[in-house]
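Naming follows writing order (A, B, C and D), and every chain is counted from residue 1.
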Amino acid sequence: MSLMTSTATALPFKVRDLGLAEAGRHQLRLAENEMPGLMALREEFGPSQPLAGARIAGSLHMTVQTAVLIETLTALGAQVRWASCNIFSTQDEAAAAIAVGPTGTPDAPAGVPVFAWKGESLEEYWWCTDRIFDWSAEAAEAGADWVGPNLILDDGGDATMLVHKGLEFEKAGAVPAATDADNHEYRVVLDTLRTSLGLSSDRFTRIAAELQGVTEETTTGVHRLYELHSAGQLLFPAINVNDSVTKSKFDNKYGIRHSLPDGLNRATDVLMGGKVALVAGYGDVGKGAAEALRGQGARVIVTEVDPICALQAAMDGYQVSRIESVVGEVDIFVSGTGNMNVITLEHMLAMKHLAIVSNVGHFDNEIDMAGLESLAGAERIEIKPQVHEWRLPTGRSILVLSEGRLMNLGNATGHPSFVMSNSFTNQVLAQIELWVRPEAYPIGVYVLPKHLDEKVARLHLDALGVELTELTPEQAGYIGVPVDGPYKVDHYRY
Amino acid sequence: MSLMTSTATALPFKVRDLGLAEAGRHQLRLAENEMPGLMALREEFGPSQPLAGARIAGSLHMTVQTAVLIETLTALGAQVRWASCNIFSTQDEAAAAIAVGPTGTPDAPAGVPVFAWKGESLEEYWWCTDRIFDWSAEAAEAGADWVGPNLILDDGGDATMLVHKGLEFEKAGAVPAATDADNHEYRVVLDTLRTSLGLSSDRFTRIAAELQGVTEETTTGVHRLYELHSAGQLLFPAINVNDSVTKSKFDNKYGIRHSLPDGLNRATDVLMGGKVALVAGYGDVGKGAAEALRGQGARVIVTEVDPICALQAAMDGYQVSRIESVVGEVDIFVSGTGNMNVITLEHMLAMKHLAIVSNVGHFDNEIDMAGLESLAGAERIEIKPQVHEWRLPTGRSILVLSEGRLMNLGNATGHPSFVMSNSFTNQVLAQIELWVRPEAYPIGVYVLPKHLDEKVARLHLDALGVELTELTPEQAGYIGVPVDGPYKVDHYRY
Amino acid sequence: MSLMTSTATALPFKVRDLGLAEAGRHQLRLAENEMPGLMALREEFGPSQPLAGARIAGSLHMTVQTAVLIETLTALGAQVRWASCNIFSTQDEAAAAIAVGPTGTPDAPAGVPVFAWKGESLEEYWWCTDRIFDWSAEAAEAGADWVGPNLILDDGGDATMLVHKGLEFEKAGAVPAATDADNHEYRVVLDTLRTSLGLSSDRFTRIAAELQGVTEETTTGVHRLYELHSAGQLLFPAINVNDSVTKSKFDNKYGIRHSLPDGLNRATDVLMGGKVALVAGYGDVGKGAAEALRGQGARVIVTEVDPICALQAAMDGYQVSRIESVVGEVDIFVSGTGNMNVITLEHMLAMKHLAIVSNVGHFDNEIDMAGLESLAGAERIEIKPQVHEWRLPTGRSILVLSEGRLMNLGNATGHPSFVMSNSFTNQVLAQIELWVRPEAYPIGVYVLPKHLDEKVARLHLDALGVELTELTPEQAGYIGVPVDGPYKVDHYRY
Amino acid sequence: MSLMTSTATALPFKVRDLGLAEAGRHQLRLAENEMPGLMALREEFGPSQPLAGARIAGSLHMTVQTAVLIETLTALGAQVRWASCNIFSTQDEAAAAIAVGPTGTPDAPAGVPVFAWKGESLEEYWWCTDRIFDWSAEAAEAGADWVGPNLILDDGGDATMLVHKGLEFEKAGAVPAATDADNHEYRVVLDTLRTSLGLSSDRFTRIAAELQGVTEETTTGVHRLYELHSAGQLLFPAINVNDSVTKSKFDNKYGIRHSLPDGLNRATDVLMGGKVALVAGYGDVGKGAAEALRGQGARVIVTEVDPICALQAAMDGYQVSRIESVVGEVDIFVSGTGNMNVITLEHMLAMKHLAIVSNVGHFDNEIDMAGLESLAGAERIEIKPQVHEWRLPTGRSILVLSEGRLMNLGNATGHPSFVMSNSFTNQVLAQIELWVRPEAYPIGVYVLPKHLDEKVARLHLDALGVELTELTPEQAGYIGVPVDGPYKVDHYRY
């Protein structure tokens, strides 16, 4: 860890010597053009600085898009410290650019303290996460007695979890020893908190007290929040950004429509046209995947467990079958369910030679990678990074992308900027809500009010040349909505 | 009204002499093949007769599909009386077939008392609606002292409104005189209730007391129910069938996708390919309309007021413009908003020669027909029924379909049987819920529980050759749902 | 035949008393708006009257679209006599309108002698066809010694065949007696020519001598012409209009895309969404059919014998199977091959209950109707005209549309006006070619030169709002084409 | 050039030390699975060795797919020497693998002499091309007196041109001096031939005499061949592979549909959904491009000069405009015309900020790169290789991909293997035709007979799970084709 420094004035990550900042700055400029929602917020709120006084601890993939988010938060008055929420997802040039800042240099950085690089170890990862809670340098500079941040911007809930666990162990007076049931990562978490507790008996207790809330990006993180809250353990209010229409529908449907074929191409260069593709799951992810594959001339077969989604797939013209019925005729498998063991070892053994197996759903257990890895007689050949041929005892091979993890991240570049602009505009609005209207958010988990969801959409229309029609007062009255919205009931399905 | 008879044993509508029953029976048989949900309910519930004892007053378009619904209700044990909910929508052969019944003859009908024919006057319409509340013949036959039905199956809320108004006036002791502000139809309603009150001072009071609930088909009817309930005036529980996913999404999106091009073809025979079509509104109706037009090779322009729906339209590849920006280049206008004055007189005056103007949204005020009708110098030429050329003072003409009313009903044949099978399976399940589990439904407005919504979908899969995947217990546990569903949270957007 | 009169001054068809002319005139006006190619020709060539002196005998479906064609021919200076080329295809109101003419009345017709009505007998049909060769009235009025026309505009080749057979028998001095092998229609042809020969020994010989050529609309007619020419028997030059790109591609692909779903809807009202549809043949007809069905949400399976077309279907994302492999899971069968016995009796016996069987290819032998009709135990029930349920000995039924004949004609209204405008603009240009440049066309069969094919397309662009880019001289030189086209080599595939 | 050696036994290219052969061999194995046409030829013709005795000089991009082609040619008995036809297109690992051969090692290569590496200079390029005509080592080994190859497999015509120019200058006795009008590359060609002439006065004369023909891959090369032949200068027969349906339609339409979005993604990661894309040209390339963009949710505007193609675009639902009318609203420009100056400097100056400008048509002059490069005040910034931001004097920037050259090659990986399998199966069949049936091909330019075109398609069906239907003899007779094809007339348009 000698490569890193936590002083706020030095460049706080190991890439400071790599000279990537300039390259990253070019990419930021291009990304800004594709993130009209964030740029509109800068224009609208820059003058009034609604986030002045906010100290945001961010834990979210440190990409070029996130860099535009961070600079939007600071443009609205916030102070920010940042870590990635995934050991592989950092784009080092983005981290460099954001750390150097628009006006700084690698030797005199003027940006945001960033604790993230591509390819962290788990130990490094949790050290980085811990760092975003250490605002001592900023406090010293401001002559204040802050311990930590007053807001968290979270993706997956790791930052939020660290505070909750930290406080729990501080209350208990000790961090428990790891048990045999604990996996490696949890042991690292325990070690990280043990170190913290060694330095201070009430650090996270004081951090929790300062925190005004968290905004959470993902399904997984939101799920954790609802569980905490229903267990009566949630320490501060939370806004569920994930379930904004402009987040979930756009990330899932339009993001996957973009990045699935991109990942297939970069991984395999295989022609999709004429091929048989199986999409497991016809939620928003599956809908986007199926549309993308059909748009490239593939024949798509859908599998579903939910009869409503299955009926939708049929109505959209797709064959809906059980995987067992068609496994031997499929060229490309795409799992997008969020469930486990969707593609089993038995399925893999029945596949065509060199069938492609990929996951755009959730964790790598959508595909039974563990079963494959322990299969006697199976051989793994790296064709290139994130693309492996598995020679099976059957004499056939299959091609597994990203080792069964999300191929849109591993083989492609994740969601494009325009999609992230929707997500992140929700994030910024949610941060503003928690900061300027704390009275509206007692401890609990909230979705953004619909008029803000609509506002996010509205900020992305000009860039696409969309002309929005305005209701006349008479029309608005006729359907019983305000002229400026919100226009739909909360349960409207879009 | 001498053409009609209200005796339950005679054939209670004027088409009894027309010999249409056999033709209607053929059509029923074909429709049954396209309504697998209803047929599955007959198979599942026929033996147990869950609707035994139920006396259902139905007010819903008396079409072939409704005939299959009615015979499903009776197959499950219910007694039924029926009226249409629209003066034009009855298919006389369907009414004849259902009145005669599968085993009866026109002279010895063995079916359901039906009060509906194509082309009723408003006076006849409300007389028919009143008739479905008169169960004296059935009571006499059963040796019971019923006054009326114990369940309503409603479409648009007219039947429900009649009971509520009837009781209100009975309480007041008199039906008020019509005022200048009352339109013709409301005057007829008042007359109808005045007649009733003349015969009995507490008829609707007693009917209301017997009623165990209503299931409502439409947005409009549901809206009335919520208003009644929030005003504390709702007399019995109501199930909102309209907002079942398998109702609203299917009716609106897939129904319109089917019937919009059908109506355009039957009305005009105009090639859609290559034409510019404007779809006003990108809700489910607009989504279905746009998909259908694109599928025929038209170039679709969308107008929207809701920025989220506008962004969806853009993401789906459609141009989104204000109507004023493009009105002069559009060949086919389709309004699907549910709002008023979406297509104004000013728009019509700016259209291309022989532009087609049509409505698949809601009432005929989506298009400013009143403005057109009062336009000096405009001339209306009937090309054929429901297709009128309006010669405008500009020297150009436009083609108006169905006089601005719903062209999928006026120029086509409405939703196809398979779509209605989804709606109506919801209706039957809702009737069963109210009948067999009254304790679960105190006065209020409910949507069907999600497991029943899923059940409706499930019953339609086999007919489409869909194979549904089953969750393993392990998978179900992993995502925290029962193996048999429901699979989604209530606010899931599909 | 007493209903008819052949005097040129009287209204020469039986509908003269029906008062349909005004209705037909309205429809013509609407159709003119959808036939921009023909209207452009009127504008371009009206002043110069290139068809002055031309006497055109037309044999082509007497529809509203054909009426616009006829009035275009006369607007360019031609004289015209017309018959239909099919006993069922005449729209009587179109015939009435064209006979009365824009300025005439039913009592004082000022239009074109038309010999066509819906539902002719074969005897009437061939009498009508004979009538278009009798120009005695016109000759008398002009003080000329013409016998017949100097140009034929043909669809299917019946008019051309009558001349060739007539001359053949005149040479032989007698019409042969019918043999047992001759079908009923050929016997009628022989009778018709026997009557002619009784009146004149050299009538068709003289007609043939006057004829400057024929333009032929269809594949079938073109095939006959090539056969005649290769046998050395062709009597005059012929232009093959069928193989213009703007005819074959548009009629087949875009025409079927329009009229197939239209026919299915009018015949059955069945929801296409979610259904399995089989399209036999993936030529232009099949391509249009598959696109239309997919556009309505059906899942399409293609059958093909040509590996290139099969590969195209696969590349377009369709399943390609043999009919035997999938027959039991298909809801809608559409044959579009031009071949025979594509759907066999064996197939029909294996179909799902109430599967729909239809033909958009060619003759009714695409489906083995003969086999079905002679099947012991099969029962035919007319659901409505052109829609028959066949109850099969298997206990299942199938729905056969248009008795196996072209359902886009029998259940829908054929090609829409815009498609026919392309075909008919080719026809008019071909007539002009033969008439004004006879030296360019020695006896033989020709396709229109590509610059005229391009001209046809060009005349249809404005109506669709298409802006065409113009080559700069430098660009034209670079790719070696004239600035104004033609732009492609003759074998270009589009 | 010391890195290279021309001895047939040593590894004849500079990558021999790089150890890429094994990586290339893995990729070959994957590519073989996607090139079923070539693998089927190996199976069908391996035993009979139809290319025994053939000495093939190949000049075609030395990619993985070409490696599978080369090993197919040798599997059929041919000897082969190979160069690339482009200085950048070689994949070094493919060259290494093919040189080493399946059974050789880098130290003891047992493959094909390959003269190609990524990033050749023009001098190196033409030296490599010269090397494929030097068969002295093979002759020595065989004890034969060959000078060169007896067949050429060409892409773009460089190899063919070298022979024709070589013979021309040998006849003249001297290579002319370069003139001021000669570009750099032609000067290199002259130098190359001057060296050759210095070594032998009749080398190319003797090579030409030995040559039995050439098969040509591209439009450009075919154009040169037709010019040579019409000038009476063609020295040996040529087969135009480019115009096989299974080549031109597949390369252009399906290849571009695949590689255009791939290139856009790899270059810019920009979301296509919701964007406005302009496709210049609606030939097969434009059709594929437009379909791909629509499939990703972009709104596509087409520009066209040919009215037939313009009408097709309109019928397919695209807006067709002149570029000037829409230039300011377009996000992504794609030129696919094969013409010059399609996107002019004036257009570029009017574009949106950061509009993307790309070419999938032909040469880099589709876009006026020369004008852009000489524009005063314009600045070029490399975002990454093949992606440049041009800051314009207007204050706006544009993004130019691949410096205006083919972006599907420069930013993506060209056509995928399955597409190339179609092209290359045509190539192999064409080589066999020239070798085994020379009497059928007197000097001239030929397309492959349709039955071979159909055969190419047929060999690709199994891999896609396509079941082909077989005509019955009765059916074949009915439409007048052999049961086994060919099924269509030569001018059929598919």
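One rule holds for everything that comes next: a residue touches a chain if its C-beta (ideal position, glycine included) is under 8 Å from a C-beta of that chain, and two chains touch if they have at least 3 such contacts.
Protein names from UniProt, one per chain: A, B, C, D = Adenosylhomocysteinase.
Everything numeric in this text was worked out from a predicted model, so none of it was measured.
Each of B-D and A-D has its own count of C-beta contacts, and the greater count is at A-D.
Ranked by separation of Cα centres from chain D, the top chain is B. Note: centroid distance chain A to chain D, computed from Cα atoms, is 42 Å. Rounded to whole angstrom, the centroid-to-centroid distance between chain A and chain B, based on C-alpha atoms, equals 43 Å. Per-chain CA centroids place chain B at a distance of 60 Å from chain D. Contact with two or more other chains is made by residues 254, 273-274, 294, 297, 311, 314-315, 464-465 of chain C. On chain A, the positions that touch chain D within their shared complex are 26-27, 30, 33-34, 254, 257-258, 261-262, 265-266, 268-276, 291-292, 294-297, 329, 353-354, 381, 383, 389, 399, 412-413, 416-419, 464-465.
Of all residues in chain D, only 243, 245-246, 248-250, 253-254, 284, 303-315, 319-323, 325, 338-342, 453-455, 457-458, 460-461, 464, 466-472, 474-475, 478-479, 485, 487-488, 490-491, 493-494 touch chain C in the complex they form.
Chain B makes touch with chain D in their complex at residues 273-274, 294, 297-300, 311, 314-319.
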